[in-house]
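Each chain gets a letter, A, B, C, D, E and F, in the order it is written, and its residues are counted from 1.
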Amino acid sequence: MENLISLWQSTGLYNFTIGQVFMMLVGFLLLYLAIKKGFEPLLLLPIGFGAILSNIPVAGIAEEGGLLYYLYFGIKLGLFPLLIFMGVGAMTDFGPMLANPKTLLLGAAAQVGIFAALLGALALNIVPGLEFSLKEAAAIGIIGGADGPTAIYVASKLAPDLLGAIAVAAYSYMALVPLIQPPIMRALTTEAERKIEMQQLRHVSKTEKIIFPLALLTLSILLLPSATPLVGAFAFGNLMNTSGVVDRLSQTAQNELINIVTIFLGLSVGSKLSAEAFLQVKTLGILSLGAVAFAIGTASGVMMAKLMNRFSDTPINPLIGAAGVSAVPMSARVANKVGLESNPHNFLLMHAMGPNVAGVIGSAVAAGVLLSLIK
Amino acid sequence: MAELMSSGLELTFAGMGIVFLFLTMLVYAINMMSGLIQRYLPEEPATSISIPVAPKNTATDKSYIAAITAAVHQYRSTH
Amino acid sequence: MENLISLWQSTGLYNFTIGQVFMMLVGFLLLYLAIKKGFEPLLLLPIGFGAILSNIPVAGIAEEGGLLYYLYFGIKLGLFPLLIFMGVGAMTDFGPMLANPKTLLLGAAAQVGIFAALLGALALNIVPGLEFSLKEAAAIGIIGGADGPTAIYVASKLAPDLLGAIAVAAYSYMALVPLIQPPIMRALTTEAERKIEMQQLRHVSKTEKIIFPLALLTLSILLLPSATPLVGAFAFGNLMNTSGVVDRLSQTAQNELINIVTIFLGLSVGSKLSAEAFLQVKTLGILSLGAVAFAIGTASGVMMAKLMNRFSDTPINPLIGAAGVSAVPMSARVANKVGLESNPHNFLLMHAMGPNVAGVIGSAVAAGVLLSLIK
Amino acid sequence: MAELMSSGLELTFAGMGIVFLFLTMLVYAINMMSGLIQRYLPEEPATSISIPVAPKNTATDKSYIAAITAAVHQYRSTH
Amino acid sequence: MENLISLWQSTGLYNFTIGQVFMMLVGFLLLYLAIKKGFEPLLLLPIGFGAILSNIPVAGIAEEGGLLYYLYFGIKLGLFPLLIFMGVGAMTDFGPMLANPKTLLLGAAAQVGIFAALLGALALNIVPGLEFSLKEAAAIGIIGGADGPTAIYVASKLAPDLLGAIAVAAYSYMALVPLIQPPIMRALTTEAERKIEMQQLRHVSKTEKIIFPLALLTLSILLLPSATPLVGAFAFGNLMNTSGVVDRLSQTAQNELINIVTIFLGLSVGSKLSAEAFLQVKTLGILSLGAVAFAIGTASGVMMAKLMNRFSDTPINPLIGAAGVSAVPMSARVANKVGLESNPHNFLLMHAMGPNVAGVIGSAVAAGVLLSLIK
Amino acid sequence: MAELMSSGLELTFAGMGIVFLFLTMLVYAINMMSGLIQRYLPEEPATSISIPVAPKNTATDKSYIAAITAAVHQYRSTH
């Protein structure tokens, strides 16, 4: 009898708080989006599952002694995002960007979204009850970088309490890129601009691809050492791939290692979706600002392309500017798709891959500035 | 010793009780779930399923490969 | 000369204790069983090797500074068994169980073995010199769950000192299932019962397979949160597989990740086979009780199937009840084999897979009860 | 609040400034690099490249496999 | 404005020390050697990159909070070298050695290089400003073992400050084996000796290959427990492979696991290439002594083979003695190549694989002696 | 210095002694092992070996795959 009462008092039904129930529903929603809607499933499925597990009463899976508590150290110490960045680096082909380097500027322009969201977060301090510090605003802004590992890395350093909401916002909007970007792209360009065909890209030699990650790292060392953890991991992964002499390491970095870390990272991020941390007005602010950041980033990229078109002798289709937000490779695909609507023979995919990977570099640089200037 | 045994017996009754309760409820849950799914989310007969095996619009870091492979392929084929 | 003496004093020959020698022989025996007899080699080979390494005098491989000391943290913190459970979840097909859910009750009945062994351990306190606390008795009982990761998880929480003996017993008896079960199955059934043919299983849709792990987890959250670390890891692995949207993660969980963890887990378990911990009368008790647990679990499953046959409109071959102990997939194969002896056209394998995977759930639930009620 | 906004604006100008400075310098660096490489390290036209894909003289622990495989092969073929 | 100054003061350009610049150049040199010259790229590429990353000012990638700081724990605790040794063990075929066991003595003789370098290091204490303790001298000597993981394991225990230089020297000279060894081999042998054809190797049964790693481990336990961490990891990997019952574990140990650890090990070793540790006269001493060790080891192996030829009834080509230094499989290839110059029909590769893998055992034994006698 | 050198020399003699002792004993051990195996556990000539490559009765968690694959295959083939 005592046992039965003790058992009843140890059930979830007895111990639930309303916040936990709500956060589990958020977890299930993420699973639904990942599985049924195909939203970034590689991250949102583990994140959603982690959210459910960490909100189970009594079990303490995200507390000391529990699985997610220990896995979270991989984020806390900054290991997981950097290892993912290394794997992504090994998967990335800088060829299209090297063939047309001026598209790097599109990747720069799109980072305006980061700082727009940062300023927006600070402006929201007007709203009574909402309070964002500079650190928090910066961590929110980085959602606009449209790059998961960068957002998680910066948030883990500047605002670990907001990590869950920021990661969810970043990956959700990356999944929503095909819905968010096209209307903005169409609104800011004329039919004639969207029809612009671009010159075929030149061939890029293996040597250039080997030297590039080293040049990128060197520049980052000279100008912005605070960005070198991110840039360095990325360049290391890329060099393993392009050098061609350590294929077995490159393959492992791109496959098993990144897969293992992705599982652990997703579950750990989910463990930060606790009721106390997530069920706050702040979260609504973060979600809104994230959307603003993506929209402004997209617009800035497109406008920059239009500006460059005035001064460039070779034509640039402004649609590829939208790919500057990163969200690799989705936003490049979106540029390609919107371009095909206006001109069915105009394949922009390869041209958009340049600004797309430039956007990754751009947001790593912006992250470096934020990490360096905000104490 | 006697106390220990009585704890053990209590544990056994509670334990087997919960195990049977849990799995019996799971039987009902499965029957309900399968019934609902077969009624409201039936598999389309000949062709494939309602839940896409290949996600339609993923933009994940890790689909880099696929996209870049495709892109590089197209790019190389023009050189 | 001093050096020579010092060298001689650092040899194994000089430093051996009789207990260490004996435990090394146990290690070699496990290697023999794994390699020559094919007993659960994936676990018993690393466990046996770990036993040898950890009993080497002077070297201190299982002490602070040594490899096995650090690997053991993966068990101590509960990471390894849960990661293995995740991989096993990704490998498991619940289809046959979903097609015939009432076979879940067979997986429930077979857990009687757990509690029989628990009571047996307590009863052994009569024997002078043998003393089992309630925690230890529970950890021993879980051997009857016939599931390696569950046994190791529970033992690491309730009775870490007995971990080595419990893990060895669990895996040894799992390997011995083809010897232990058939006589019991034959003794409890008539030839007519063993000839019973079962209805063909209906097709189970992909949607059902996706919903099931979530339903299982939800029920566990509501009723028995203390089982959610195990059930959650299992359900997560299963969902990665059935959802079909994160194939690369599911493949890694089923292959490289589970392989790496299996190597580390086996070696770490072996490191608990020290002379002090293993060479006790308790160990004989554990080995005997484990055999009892398997036998009683098998019998309970068969008897439950016979009971259900009285009330069910569709026939159940009682042999598949024996598969309820888990020991996946060996006990399902045993049911199939014994069935074929009586009726060469009667393939029970798929029918036995239902109770077989139900047995995994059943022992995870029993583990949850034990972890929750025993403080 | 006002102070916070002014910090934010400063950060924005510094940030976008650095981002543009960095990527502009990268454009120049790439152009310079590509120019130098195309002049001094041109890819040999039809045949392969100046940097060996398969290292010529690696002696790594991990090339054990290759060597031993080859060796075993040769050894077995004589038995 | 303040921000700009603060940014400028956070650039690499502002913060560089000359030592850091120099060590980065060393890092780039290692990358050049790895990529362009094909010098041990699997290790030298990550080591070179780690050297660059850890010398970036401000970023602190090798300090607490940075990626390389945490990865280095894998070396500090001795995990990485042992896991690599396990993978190498799984890759190694002892067949040729078992077919002609007396070639083991060649692997013994070549270890003279280790002790020659040790004595050399102590002798260098005459040079004012150079001071090598006994521990440091032993760690330097182990370069002559021509085995990366053994060198790193010993250095991490005896002289962690010299780890970077020792690892770089060990891998560099292993890559240089095709340049270092042939002149010595030619100088010490006559044309007639180099022409010697060896008897075809007998077939070695699977059972022998299974028993051997256990026999090796047993001998090491009895005589030299201090070598059992290394020998045990190696034997465990080898047994996983030869037993044939845990193929999936063996494959993972040889591929994904060793690849992941190689990436982490290389980067962590690179993190020890800091200006303070590396830019010392000691480093020049280490580099010179490493070359001496390789040369003397080679010579000893060849001379031992010549000596054995006097007493042996079956002929031994003295060139295979050079393979006793290990540097698997490069030095066996070198023996084969030099042999072919004198006799184009004389394939020594398989005959040289015996002393080659014996050299691995020999240096593990030497490592055990050093670890055991030096406190 | 002189003391250090003498320690070093001692270490050298002990070290090379042990290395030769160890490997010599290993030679004998191998010869004995091979002799015993060739006498008492000879490989069966044409067919395969006495130690099964595929374990006969493993029941490991990880053989899930094989069994389930087989089972599913059979199950599907009836649908």
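As a convention for this text, a contact is a pair of C-beta atoms (placed from the backbone, for glycine too) under 8 Å apart; a residue touches a chain by one contact, two chains touch by 3 or more.
Only a predicted model underlies this, so the values are computations on that prediction, with no experimental measurement involved.
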Which is the least count of steps on a path of touching chains running from chain B to chain D?
2
Chain pair showing more contacts of the two, E-F and C-F
E-F
Where chain C and chain D are represented by their mean Cα positions, the distance between them in whole Å:
48
Centroid of chain B to centroid of chain C, CA atoms only: how many Å?
23
When centres are defined as mean Cα positions, the distance from chain C to chain E in whole Å is 41
Shared interface positions of chain E, touching two or more other chains:
3, 7, 35, 38, 41-42, 210, 223-224, 243, 245, 248, 256, 262, 369, 373
Touching at least two other chains at once: which residues of chain D meet that condition?
11, 14, 18, 51-52, 55, 58, 62
Chain pairs in mutual contact under the definition given at the outset:
A-B, A-C, A-D, A-E, B-C, C-E, C-F, D-E, E-F
For a test of understanding, state which residues of chain E touch chain F in their complex under the given definition.
98, 101-102, 104-105, 107-108, 111-112, 114-115, 118-119, 122-123, 125-126, 134, 137-138, 204-208, 210-212, 215-216, 219-220, 223-224, 243-245, 248, 358, 361-362, 365-366, 368-370, 373-374
List of chain E residues in touch with chain A within their complex:
3, 6-7, 10-13, 15, 24, 28, 31, 34-35, 38, 41-42, 45-46, 49, 52-53, 56-59, 61, 65-67, 70, 255-256, 259-260, 262-263, 267
Partner chain C, residues of chain E touching it in the complex:
77-79, 82, 210, 214, 217, 221-226, 228-229, 232-233, 236, 239-240, 243, 245-246, 248-249, 251-253, 256-257, 369, 372-373
With touch defined as at the start, can you tell me which chain D residues reach chain A in the complex?
1, 4-5, 7-9, 11-12, 14-16, 18-27, 29-31, 33-34, 37-38, 41-43, 49-53, 55, 58, 62
Which residues of chain E touch chain D in the complex?
2-4, 7, 35-43, 84, 88, 91-93, 95-96, 147-149, 174-175, 177-178, 200-201, 203, 254, 258, 262, 327-333, 347, 349-350, 353
